[in-house]
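This structure is in structure tokens; I'll ask about it shortly.
Labels A, B and C are assigned to the chains in the order they are written; within every chain, residues are numbered from 1.
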């Protein structure tokens, strides 16, 4: 009967439904009904075509902004945390921002165009164009994914994008619990990104599991393939290549779901290449024990052994038990890197190792006042005995830090993170404050660069998503 | 009857109307009609949901571009107007642009997301990344408004945004009649903005009156609360904090509508903090009367008294009679500020005062050729006896300027402003042109910095809105 | 009959069709039908109005990204191609990128607003803010077209935009076959653009023919008028004006379609003004034949004759036979320009001439694997005997290059270009590598600047359009 035909109205088109009803009533003939229904479906087609040709179907915009504020709780003063300028006090080196800081202001322009292209352009509007001149727009990502087939199992990503080395490196900063990445793996690639070409292989079942992890809000890294292989310049994001050879990277990661529903992921990654450090004057104690300015050499001999780069190679392992509700995330890596020997005043091949362990607990439906959100307390320990090649002079970096924090997602659009951070680490900011008339006149006390410090801070971040 | 049911067709849905007509005719039963109508309303619901989930409902783009051109009409030559590089001639200091200049190229990404967040990201694509390297994208605003309740009476704005000090400072440049803001109040906050957290209280009736002023095209400042209270870094937009303490600001403004319909607004505002001036070599006459290069110190003594900033505090009053059609706008402020004493070559605490009075007349439906727009002639007098802390060396600034101009809004998308500007003021651009072999070789005549000048200019601006 | 009325259903509205059918059946009266149809058309009107008020109808986004990679095939080493940093090796001067390079990352914000305004804002996200600090967003275009009438025959473009000089200069880089523009005409205007006001006259039949050329994918220059006349600052895009006078430019171009359907275009253009070169230390052989650092003077005498600019004037001709399928494109120009005389170490007025000839063949429906695209092989010869005024020190530039390449448009969204480039030209990058202790310590061998070189390279570009 007609009523049966009408029983699923939301699935069909209401005009067609009405026409069919009138046909079944005998008001319209079958032929007339067909003609009218065809007219309606043509109309719908025209509308769909119009929508798919609209620029808004090819281009999408979204973004996020992170505003930070840090309060020092104790320990040494005049310190710097290289990854966050809001940490420090009025004796800190360089352009520490101490109070409020826009850490990231990201706008992402992305989309699919046709069957074979996805593209992703991500400027950061909190980049520094020169000392003291902040908040310029600089690229983080600018790449296209060219899909070999429509299943998206095989793809080649060309442009500036994240180098597939390390789970936390690949995870978006908008997703990460800790305010900064661990030094041990993050020191592998400046700003996590480089310019190159990367092949990614992701079987459809792995694609589905990655998507599942992401949809559950379990803070995934995003799909960088089950297997990845890439060639890239090697000097880091937004830096010119220096030595006309490539870095090569490969990664294998495997996620699986236990019968309990608990999801795990384990991965291994490695890269190698030659890296050219940037050098500048720094302040060190000379043989006589006095503070003096020095600029390191890239290796030794004539010509200098490191003039075209120094060996830069690592292997790392990752393990994640996703927070359902309790989770563990741990990574470690070992390798060789360009690093500064202060005694010799030479940058040369050095070894490194380090990583982190993080535990977290995801509380859904956390209700406070009129909000109904998600609360994730976490604790993170990180260790690094190595060098940060991408900082000026590739200084030694010793880290043994604890972070105890909580991320509160009030709503999809607003998140607050509060972290108690106990730092025991090297100050990587080059100050070059030797004793000089000029420094004295500017109230800059002489300081040795790259010293270790201990300090405690309460760090707060407000994040907007749009 | 059915025709009665059909009498308001534009208010309802035409498919539902048709179904109801067929029910009232007896072609369809009540039950069938209800089923079909429900199908239709489900369809509409699905469409609405789809639209509200679309990114274009969360993200909006708009913007404006200001192109300027200045013709000097007489007076001293080699002058600079610090706020507009298009003013000057080929003897002017620094990177004066003299002819055409893009003064502002703004793109605004904004929207509401959920019930509790509005966000606003505004880069300016006419920012300078380094001398002679113009038109980079740098943030002006990047903030979120977190609403405590849905009435938007209470909100907290966190990020980089305008500091609520001064009506003209808060008014958008795309709305302002004069080409530049008055020096007396504008010198309070570099680029009118800083990084911080601001609480705004705006009762719903005040919200409505603000909106009313805006809709009538009366050149409002926008809603910065009836009452505002904020904490901010204090060094100005896009500048790193220098001294690890906050500036605090508060403002109270009250708009009211007289029985005649005439709208008025009166306000009071104040801030205080410690500001750290930036210093560089400038050219001054030394004790012997010869031009010599000098760099000022931040206070005196050892350590320097101003090394962590110098007192920076002001109070200002504002009065606006909105142009219906005749209007008056006036502001004045008094305070203490870091300022350069050239004789002593020291930056120290100085006092300041100054403000402006502007009269304007709004002519609606101004028709010229095929256009039907709005014409607003205005006259502005400004005075300042103070210092511009945010310019290099915080130099003294004396201003006694007249501007006589007209803004013609041809259409919502195009505006032209022409201003005759009679300047009697200090040249705030640091040239540091002492007599030297290098300067002579480059044809740069020796000049004393921060001298007063008198000059007249015809300034034209074309503004596009989109 | 009703069926006749229903015979063009796709052209009308299906609800109105249905109502009319019911009227013709006698189910509804004419009056009721009219009322219901009116309701429907009101509904459609409301929807259209809503759409036209949406920001997405005023603002459009599109863009493209070009990623390059160059392999040197032979010839001199340590070379630079000034227009592409990916060309070179580890002995190249300055910040050669050698391997992967993002050559352009463009985002275009454009639209029509009202009857009299089109606007166009185009930042490039691959701009350099300072040596080694790449991929910042800097404006290329920021202009409005103000149309005098609705036929768009007369318009005035104000802001930063392309200067109408040279067909290849005006053609978008996303359309050009060769990876870079020819030096001879491209040296006329830095980045092809300047700040100014330009009048364009394009009769409607020429508008139609321009559009036709573009739609056929024949790589048109875009509509810069049949006749153009403009005033601009003269120092090039994003550079401050230096000498307070204008450059003036004019262009006439005429396209025509032969009876065979073959389209041709011929044009003539000229400009003149005074240009102020930028100077810096470079490395040259002094009278004693030794490498020494020198900075040129702008003319001679006291004061220096070129202190306010040196004569800069050219005339050029263009001819294009559009590729249907075989095409020819050729341009040549002659003129005077500021140029460096190395022997005298003076920048003075010099003469120049040069141009290029390009042949191409457009193969439609080129099928490879599952793609169905367009393949365009081309060959280009260019010659220049002149000076590049906009490079530091306005050095002499001799070019006699061959390029043999192919552009493959796989799909509208992805293009690959491969070019064998045989260079015989001047290295325009200033290295200033004299023999010095500092250079030796940094492994920088002494070099004479602005020497000629011969080299061969295989250059590949992947372009994404969105």
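Operating definition for what follows: contacts are C-beta pairs under 8 Å (C-beta built on N, C-alpha and C of every residue); 3 or more make two chains touch, one makes a residue touch a chain.
Worth saying up front: this structure is predicted, and the values here are computed from it rather than measured.
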| query | If you list every residue number at the chain A and chain C contact, are more than half found on both copies (same) or fewer than half (different)? | reply | different
| Equivalent-chain rotation between chain C and chain B, CA atoms, steps of 5 degrees | 120
| task | Between chain A and chain C, tell me the centre distance in angstrom, where each centre is the average of that chain's C-alpha atoms. | result | 34
| note | Among all residues of chain C, those touching at least two other chains are 15, 18, 22, 27, 56, 61, 123, 129-130, 136-137
| Contact set on chain B toward chain A in their complex | 15, 18-19, 22, 27-28, 31-32, 35-36, 38-40, 42-43, 46, 54-56, 58-59, 61, 109, 111, 113-117, 119, 121, 123, 127, 129-130, 136-139, 142-144, 146, 158-160, 195-197, 232-233, 237-246, 278, 297-298, 303-304, 307-308
| task | Mind listing the chain A positions that touch chain B in their complex? | result | 2-3, 6, 9-10, 12-15, 17-18, 21-22, 25, 27, 56, 60-63, 65, 67, 85, 88-90, 95-102, 105, 107, 123, 125-126, 129-130, 132-137, 410-414, 441, 443, 462, 464-466
